[in-house]
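We just call them A, B, C and D in the order they show up, numbering each chain from 1.
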Amino acid sequence: MSEHIVSPKLYLGIILTLMVLTAVTVGAAYVELGPWNIVVALVIATFKATLVVLYFMHVRYSPGRTQLIVVAGVFWLGLLLFMTLADYATRSWY
Amino acid sequence: MSATESRPAEQLPEKHYLNADYGIRSWLLTTDHKRIALLYLVSVTFFFLLGGVFAGLIRLHLLTPKGALLSPEVYNRMFTMHGVAMIFFFLIPSIPAVFGNFFIPLMIGAKDLAFPKINLLSWYLYMIGGALALYSFMSGGLDTGWTFYTPLSSVYSNSAVAPAVLGVFINGFSSILTGLNFLVTVHTMRAPGMTWFRLPMFVWAHYATSIIMILGTPVVATTLALAGMERLFHLGFFNPQLGGDPVLFQHLFWFYSHPAVYIMILPAMGVISEIIPTFSRKPLFGYKVMAGASLAIAIVGFLVWAHHMFVAGQSAYAALAFSFLTMLVAVPSAVKTFNWTATMYRGSISFQTPMVYAFGFLGLFLVGGLTGLFLGTLGTDIHIHDTYFVVAHFHYIMVGGAVMGYMGALHYWWPKMSGRMYSETLARFAAVVLFVGFNLTFFPQFLMGYAGMPRRYHSYPPEFQIYNVLSTAGATILAIGYILPILYLLWSLKFGPVAGRNPWPSTGLEWQTASPPPTENFEVTPVVTWEAYDFENRPDLGLDKPVIPAGPASGHD
Amino acid sequence: MQLQTSSLLPEQASNFAGRVDALMLYILGTSLFFTLLVVILVVIFSLKYRRQKQTEIGVPLHGSVPLEIFWTLVPLVLAMVMFAWGAVIYMDFRHAPADTMDVYVIGKQWMWKLQHADGRREINELHVPVGRDVKLIMASEDVIHDFSIPNFRIKMDVVPGRYTTLWFRATKTGRYHFYCSQYCGTSHALMIGWVTVMEPAEYAAWLSGGADSNQPGAGEKLFAQYSCSTCHMPAGKGRGPSLVGLYGSKVKLADGTTVVADDAYIRESIVSPKAKVTAGYEPLMPSFQGLITEEQVLSLTAYIKSLQAPAAASDASAGAPHMGKK
Amino acid sequence: MHRTGELYGHFETLDQQRESASLGMWIFLITEVMFFGGIFLAYTVNRHANPVAFALGSNTLDLRLGAINTGVLLASSFTMAMAVWAGHTGKQKLITLFLILTLVLGGIFLGIKTVEYAGKFEHHLVPGSSFHIPAEDVSAAAAKADPDFSAHAQLFFSLYFGMTGLHALHMVVGAGLLIWLIRQSMQGRYTAKYNTPVEMVGLYWHFVDIVWIYLFPLLYLIDRRHK
């Protein structure tokens, strides 16, 4: 396993992006978007989390096995949320 | 009995993991996976006996319709504590923590698991969890059912719920760490030449089991933590009076607790996949399909949890999806059964004790698995849900399947673990007693359940008495079947004949080292040059002149 | 000690019983076939291929792709038939027909309280006419219970905080056990009762034989007691919408959506009025959650139902012929 | 278990040991994802059932402190990443420096969190018998829409304390690991050849950061526009 060394400049770029996105998400909370407020907030959060995972946690440069573990873990969490919420969403269907 | 007759009798090795060091500290602070496995063996046996005592009291009580023995309060505590002791503290750790721990490193040619200290930590977590559960049992008992359904457990129950929940919570981390250790070990610790498709099926089964352990157990930990806090601080996550939802608890609980059934049965399937080839002297039929089926069961088995909730008030459409997925998971189990059967075809079959247990497993798992179809099918579940049919079904899977596998493993590997043989006659007799006693205990419960008797009843209408009497009669036979092995196995420790390296003989790496193995498992790191279960090309097994029965030669896969 | 026995197949006494049993027999047949197949093969192999010499090994067969495909597909198809068959029964079971006779069921530790639409109350007993579609509308006062009638082959959990429903059509007169089959604490096993299925004429006689309380009447009293009538005036002139003819109608809400005014809607409007506000009205109504019991909600609901036809409503205390919403 | 230098006896090579550690850490993090996942699901279902109480509860949180804390934690992730970079490039002094910076930022985060918690105690917003929502908040028109407002608001605060508390607990564990790393690093244990512990703690620290990235909008930013 030879590790890829990321330059500090890239890290600096990432952290600045994360800070800007934090400001954006706070600002967006004050804009009236109806049900889309929560969607925007979660999309921004997911984007931020992806940056952290890919660069700070080096997953972009990691072996395929690590990438698979990350994807599988997130996918599994998605299944837990999706299949449970599917029950709640379809209870009023007839 | 075995091919040892033709060879000079073997002696016990001078130095091995059991006598490498002495004293209580050398056990309690050990990081040797084999010693930790024995610590687990002793502890899970304790919980098995405890749970067995509870079960005995339940069966005695149900002899008469009004209840022969216990008050409702005590009866409810008995079946709850039976469930908690058996499921969380016996079945879930049983095969993985004892035999997985002992044999995965041996089978893949490693010196130990990847994280020996974490392995010891997980035993301590198990013990702390177990101690808390015992504390709950003794200080007021537990009467919520092992399922801890809210709001009964979080608001209404007058029993020691909090320590039990905390105990199960902590025990969960033991399970997580075991799974983590196995996954990493299988990935990074294999000996040279031990490719993925040369792994024994037992290792594949544990790989699949570990996936469930690490993905499912954290969720039940969260769930129980929330329920515990709800009880202690009067919060309302699952309490409708405070804005919560009791069905949410069921979703979260079964997200782990259904796959937990596969934590119990997959390792047992792994054991059977070792025993049948060994005693048929033949490769496992459809090796890759079997490995794939283990993974498929682990993965699809995760997506079926809400079949415990078909009549719990979930959406009818969600129920459709979950029933469909449940039917899918039946298929890999069926495939496995056919492959085991096919493995025996044109084999050279002998009937030593482990094989007798494998036959028992096959029969009981068939019944248990097939009756699962009645419950997974929506149209029949609405009738038999929460009746004794369910009780019978899951006992066929968990006792008929998982415990038969556990007993099979114990008898198969006992010579390796202890270095000595037990009495073959007694052992076969005990296996038959177990099989008969088990069927007599649990088969009547299918009939009783379809006739309508609900679960967890301390008294019942008189028309169900005949089934209960049969069941209790069977339970006494079953008890004999469990006590006998404890006696003759203990006896064998001192008086049993020396087993030698490879008494059956078998092809796995674990049989290449001394019995009992040395602390570092192998004197030199083994290099694997053969496929799994390959009896044909193994002159080292002592089958000097293998005789292949006459008949048309068959092609390879 | 004399042991009673029951036949292996319990009596079939509802529209679902025969269908559930037929499906059960299909699964049983499939199961027996596979059990016998495997057992017979294992016995044959054990006899035919038992070890003859100590040094003998088996024929090294590794597998067969066509066989694996074959025994993957066959169970898959059989299981899919089970799924589809079961799903059809289940969807019928979950969706009650339009015109049912409604009975309210309340589970509490450890008894069942049942109320007929006309106010007749029972405890751990349920009387229904044969051949009539009956819908149980169920709520719990404490923990989760489950209303289960084995001879009808159906059951449904009774969950606190919401309604669940269970419907059936009894097909045979007689007395049948019902059970609580979701473990609910100490005396779970005592939550047993009897369903009595009667000929319609007998049932009518039983109904008129002495209704001990009158639910719409009780509801009418509550309606006055809680001053509901000050806002919900009949002509629609009040601060709240008129409730006459409300039950079963479509209600337009302030957020533009439309809902059907069923039991769940009425219950929600009482305990949590701001959740669905009728179009054209201010969200003024206070919540009654915690102030009234589930039973009183049922009484009020029954009263609101009885407001279908103004003539019948004024005559509610007579208690006679309006069961359900015919 | 004997050990030769950095290599534990049951491993054959240092590479094997490093690979095992990394794989083990990732698997552990996945269990953490599922662990938090259960609470996120409970949060989602409860919020969906009680939108009004959750929105009002969220609006009582101090957004300014929450946003500052988000920035602080992100910055600490950056310094942690730099510490790992210093490890890979063998700059021993920088490893120590960045680890200390990370610890300081983590400390600031926990300090601010303590201030927030203290405020909740003062205002009786901690779930329990003394829980009390100020009258002026309840008098808001929306509050009336939820009949059992107090109980449901308590549900929000239960989840707030549960989720942030669990997160803070992970921070404390992380801080402990950092202190251990700093001591080892000051002794010069970590080099370009061997820096696995720094890398592993780094992964853990970033994970804790990610949890907060979700907690912040879910807890602090519900229905802000209506206030």
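Here is the rule we use: a contact is a pair of C-beta atoms (placed from the backbone, for glycine too) under 8 Å apart; a residue touches a chain by one contact, two chains touch by 3 or more.
This structure is a prediction, so every number in the text was calculated from the model and none was measured.
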Can you name the chain that lies farthest from chain D, using the mean of each chain's Cα atoms as its centre?
C
Among all chains, which one's averaged Cα position is nearest the averaged Cα position of every protein chain shown?
B
Rounded to a whole Å, what is the gap between the Cα centroids of chain B and chain D?
36
Determine the centre-to-centre distance between chain C and chain D, using the mean Cα coordinates as centres, and give it in whole Å.
45
Could you list the positions in chain A whose residues touch two or more of the other chains?
65, 73, 76, 80, 84, 88
Residues of chain C engaged with two or more neighbouring chains:
95
Sequence positions of chain D contacting 2 or more other chains
19, 23, 27, 30, 34, 37-38, 41, 45, 148
Please give the residue numbers of chain B that touch chain C in the complex, ascending.
2-3, 5-6, 64, 72-73, 76, 143, 145, 149, 151-152, 155-157, 240-241, 245-247, 280-283, 285-289, 310-313, 316, 319-320, 323-324, 327-328, 330-331, 334-335, 337-339, 341-342, 344-351, 359, 362-363, 366-367, 370-371, 373-374, 376-383, 385-387, 447, 450-452, 454-466, 469, 534-536, 543-549, 551, 553-554, 556-557
Show me the residue ranges of chain B that touch chain A in the complex, using the header's touch definition.
187, 215, 219, 247-248, 251-252, 255, 302-303, 306, 314-318, 321
Going by the contact rule set out above, which residues of chain A touch chain D in the complex?
1, 3, 5-6, 8, 11-12, 14-15, 18-19, 22-23, 25-26, 29-32, 37-38, 41-42, 44-45, 48-49, 52-53, 55-57, 65-66, 69-70, 72-74, 76-77, 80-81, 84-85, 88
Listed in rising order, the residues of chain A that touch chain B in the complex are 65, 73, 76, 79-80, 83-84, 86-91, 93
Across the complex, what residues on chain D touch chain A?
15, 18-19, 22-23, 26-27, 29-30, 33-34, 37-38, 40-41, 44-45, 48, 63, 67, 70-71, 74-75, 77-78, 80-82, 85, 88-89, 202-203, 206-207, 209-210, 213-214, 216-218, 221-225
